[in-house]
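Each of the next two complexes has subunit A plus one other chain: subunit B in the first, subunit C in the second.
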Partner chain A sequence: MFNYIIKRFFQSLITLMVVITIVFALLRLMPEEGYFGEGYEKLDEQQREAILTQMGLRDPLHKQLLDFYKQLLRGDLGKSIIYRPKVDISIILNDKIPYSLRFGLSAMALSLLIGLPLGILMALNHRGFWDKLGTAYIVFINAVPAAIYYLFIQVYVTGIFKIPMLYSESNPLSWILPTISMSLGSTASYAMWMRRYMLDEMNKDYVKLAKAKGLSGPRIMLSHVLRNAFVPMVQYLPSAILYTIAGSIYIESLYSIPGMGGLLVTAIQRQDNTLVQALVLIYSSIGIFGLFLGDILMALLDPRIKLSKKAGAR
Partner chain B sequence: MMGNRKIEKFSDSLNESLFRFARYNYRNAIMGGYSNYSYWRSTFRVFCKNKVAVFLLFLMIILISFTIIQPYLPNQKSPNQIFIDPETKMQYVNLPPNKEFIFGTNSIGQDLWARIWSGTRTSLFIGLLVGLWEAIIGIIVGALWGYVRKLDRIITEIYNVLNNIPTTIVLVLLTYIMKPSIGTMIFAMCITGWLGMARFVRNQIVIIRDREYNLASRCLGTPTRRIITKNLLPYLVSVIMLRLALAIPSAIGSEVFLTYIGLGLPVHIPSLGNLINEGRLVMMNSTLRYQLIFPAIILSLITISFYVIGNVFADAADPRNHI
Partner chain C sequence: MLQILEITFRGEAMEKFILSARDLVIKFRLRGKVLTAIRGVSLDIYEGESLAIVGESGSGKSVFTKSFMGLLDKNGWIDSGSIIYGGMDLAKFKEERDWLKIRGKEIAMVFQEPMTALNPLKTIGKQVKEAVELHQGLRGKEAKEEVIKILDDVGIRDPERRYNQYPHEFSGGMRQRVVIAIAIACRPKILICDEPTTALDVTIQAQILNLLKDLKEKYKLTTIYITHDLGVVANVADRVAVMYAGDIIEIGKTEEIFYNGQHPYTWALLSSLPQLGKKGEPLYTIQGTPPNLFQEIKGDAFAPRNPKALEIDFIHSPPYFQVSPTHKAKTWLLDPRAPHVEPPEAIKKMRKRWKEI
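Up next, the complex of A and B:
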């Protein structure tokens, strides 16, 4: 067990380093305008060179990479150039993360509250009305790009219920729609997986044995099937929780919530190189760390998982 | 002498009817243990049981053929031409749907009908190319991964590293760095897309490779090519087709996403993502919402259809679901 955790940890670390190096390398290919603030056009060639040299962008690549790593180890993500000139990126993030967390966590709670019971209902009602209705919902959510139903919800629901279209700090009514829209996608995926795992478990032999022993249907469901079906679901939870930090790109920019997701869009549109770099790094480390935690949690909960042959077993 | 006579006598008892081809009789054939099982016919039959999927398949065939022939039909307008009112010398801005412009015009006076079909072509082209590329790379890597035992460890490690990188990040980063174009978009989507395919093909091959019936085939001297086409491929067809079908909605979705965050195709190449984005800019004005609704309906129709067709076909193509 311990060996597995250590191995998995180093695997994640190597992945993270690969990602950091790739991000670093790719951003050196960027147009250099992104390293200047206002007034790029006014500078002449020499001044531009001077600024780039001062930022260390004219050093040999390996030295740049080393400096980059050193900076990261100190927890320094650099300074924003265009978005909020000369402000530490960590300060910008500090302002943004609470908004994303608030919406992300409440959306997650909502989707767990709706998604899991929906999945269970669909499994119990296999091939019945609820199963079909739920499947239609899941197909719709999975097939149609999120932007479309988000847009339509924003346009029409705000109109019908006279809810303000944009987020405002002081009006809790305006918090409802972003939360609900954000939870739609994860509700569908929780329901889908819950249904599948429930059905898998219901077809197993131990259920037959329990029936033969004379246990009541609800009893089998609650204390056997549900518990077993829930284990694989746990794998996705750490990622889901961590990803709430990253926020929802669509929702936050649609409702102009000043969170992390909107920040990435702004940073890209205004070509703020260091900010994009920092955000990409944060997003990918969240993803990698979430998968790591999920795998560890799974291994702890389910002793049957073959620890050595991970890729083959999945 | 004796033998000759006997044969003569034997041939006397034969009549012409014994030398005609026997008609195929289903019941007799089943009783004799013969099955005229055909993989594709069974797949087709199981697929046709799902009425919704058949309907959507027809809808898609009609829609795709229409997008292909649309530019050659009479009275079609160019998607990028800006139309000008001859009387007022002003552009036809934001005209609601009418006889001349079936879906109306957009905010700079372009024909929405022409733009939607042109955009559908672009988006479907991206989706198909991404799907094909995923299938090709995925099958090659997956087959090597599954068959060549020496490569197993190395590819598994590489896979674990690559699989941990969030897809959205790769998409965003690559399109951010490269110039916006169809090629960039396809490249960015392909670079991570094949991973899932490769893993699935590999797992299937590892499972099926050493099954008894394959062992028996090999012992009986079946050539490798026949083992691959008859024993392995039917198991993989369902996965390959599913991936291909699902690549289209996901590619269209990624395109919408990239356009939304400002990394999409240039405006002069209409795509469904571009159209949705243009519609989004005017959606606050309720009279102009048709500019968002039309592309959204077409797009949802395409993505839902491919999603459903892909899933139903994958079930139908799975030999375990036959009979």
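Up next, the complex of A and C:
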């Protein structure tokens, strides 16, 4: 088990390094204006060169990459250039993360609380009313572009219940709709996965044996099917959860929530190269970490993974 | 010789029926059409006996026995007839709750596929323990001790260590032992083994059969073996029921079926046994295909595949004709008015030996 974790850890590390290198390379392809704050127009060619050289951007590429790694190792994400000139990116993030975390966590809790039981209900009621209703919901969420129902909720529901259209720190009522909107998609995914894995398990031979030995239906569901269905679920849950916490890019800008998602949109629009670089890195590390966590959890729950190395059967 | 005497002797001691199926009809709905898988089967099972049910694939062996435990697939149902067990008519059971009184506790089953029959994420100890707790009412340490004893009984060495292992750490033969342990742990009165050795290799097959024979004695079980393999039958069964197209067309003591089989289908089955063929000659195979169960079957279901079928075989279905008090067959050949039909060579040889006994 320990070996497995170490192995997966190094795999994740390598993946992360590949991502960092790619992000680094992509940013060298961006227009260089992104490295100048206000007044890019007023500078002449020489002044521009001087600034770029000072920032190290005229060094040979391999040295730049090395410097970049060194800087990251120190935990330094660099300074913002345009969005808030000369401010450490980590300070900017410090302001933003609490908002994303607050909305992300509540949305996550909501979608787990509704999505998982919905999936279970759908599997137990296979081809019945609840299954059809749930499927209709999942199809709707996946087929209709999210922007449409997000907007619909924002415009009409706020109107009906007389809730403010935009986020305001002082009015908790205004926090409800963004949270619900954010949870709609993941609720559908959780329900869909849960239903699928439960049905997969319910059709397996060991369920027939459990039935033949006289276990009651509910007992088979609880102690065999449900538990086994969670194993494949568990692999996806961490990344799904982490992404929810990382903030919904679209919803944060829609409701003007001052979180990370909104920040990414602004940074891209305003071509703040270092900020984009830092955010992309954060989002990819979250993804890689989620996959890592999922694999570890899966290995904890599935004995076949731990022992894959040893000669098992005899 | 000695063995046969012993069987006869035991046969006299077993008079009580433990389970009786009467005129059982089982149907399935498939893509809007209805097929009749079991066509009016009657069978009495003696307490303590070991009965084999043989027949080609699709003849209804599994469906028939699954109906004793309410394990028919969702699209199937008992259309008519009765299954009397312990004063109850199981065919009348409607709810799952009723079946919980039967499954495991009264009748347990060992399935064909040991590789997938166990939950891959639970230790085998826990899986056996579930049955022990449910049917023997033991808890905690006592339950665990009982599980270890049963694992030992089914020939799993080092059961304390094996208790905490997962199915993937067991080979096919060992998993089948675990499945058998689960069945035994239920303390059933009847044990149904649905092709328990088909998926295993030959040396393991013999071990498992011997184990089942031992357990039958030890736990005083009534056993039903389902198999295509007549070799298995000779090895384990007191009586044999031959099934064809959803009906039992011949039933008798094992030696009566082997040496004095009467139905042309029984002959065909026996002739296809490798042991009975002549060296160097191709093995006998039964021509044609079983009848379509979606249509009503007229006359003797085997007639279309029987080159020597009588005219009446296509018109009226034969009743049982008694061959001996313990042996009966559904074939018009046994009617006093029937013309003489020569059985195949292999069967004639067997009959000669039968006369000698």
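By definition in this document, the second predicted complex is superposed on the first by the 301 of 314 C-alpha atoms of A that agree within 3 Å, B and C clash if a C-alpha of one lies under 4 Å from a C-alpha of the other, contacts with A are read in each partner's own complex, and residues count from 1 in each chain.
The working rule: contacts are C-beta pairs under 8 Å (C-beta built on N, C-alpha and C of every residue); 3 or more make two chains touch, one makes a residue touch a chain.
Keep in mind the model is a prediction, meaning the values are calculated, not measured.
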After the alignment on subunit A, I want to confirm one thing: do subunit B and subunit C clash, or do they fit together?
fit
Touching partner for A:Val155 - first (subunit B), second (subunit C), both, neither:
first
Tell me which partner A:Pro303 touches in the superposition: subunit B (first), subunit C (second), both or neither.
second
For A:Gln269, using the defined touch cut-off, is the partner it touches subunit B, subunit C, both, or neither? Pick first, second, both or neither.
first
Please work out whether A:Val280 is in contact with subunit B alone, subunit C alone, both, or neither, and reply first, second, both or neither.
first
What is the contact status of A:Asn228 with respect to subunit B (first) and subunit C (second): first, second, both, or neither?
second
Just to be sure I read the superposition right, which of the two partners does A:Lys211 touch: subunit B = first, subunit C = second, or both, or neither?
second
Check the residue A:Leu77 against both partner chains and state whether it touches subunit B (first), subunit C (second), both, or neither.
neither
Touch count on subunit A, higher of subunit B and subunit C:
B
For A:Asn142, is the partner it touches subunit B (first), subunit C (second), both, or none of the two (neither)?
first
Nearest approach of subunit B to subunit C by C-alpha atoms in the superposition, in Å, rounded to an integer.
9
Residue overlap on subunit A between the subunit B interface and the subunit C interface 312, 314
Quick check: in the complex, which residue numbers of subunit B touch subunit A?
156, 159-161, 164-166, 168-169, 172-174, 176-177, 199, 203, 206, 249, 252-253, 256-257, 260-263, 276, 280, 283-284, 286, 289, 292, 296, 299-300, 303-304, 306-308, 311
Within their complex, subunit C touches subunit A through residues 69, 71, 96, 100, 102-105, 108-109, 111, 113, 116-122, 130-131, 134-135, 166, 168-171, 174, 179, 182-183, 185-186
In the complex, the residues of subunit A that touch subunit C are 204-206, 208-217, 223-224, 227-228, 231, 301-304, 307, 312-314
Can you check the complex and tell me which residues of subunit A touch subunit B?
11-12, 14-15, 18-19, 23, 26-27, 29-30, 139-140, 142-148, 151-152, 155, 159, 165, 249-250, 253, 264-265, 268-269, 276, 280, 283-284, 286-288, 291, 310-312, 314
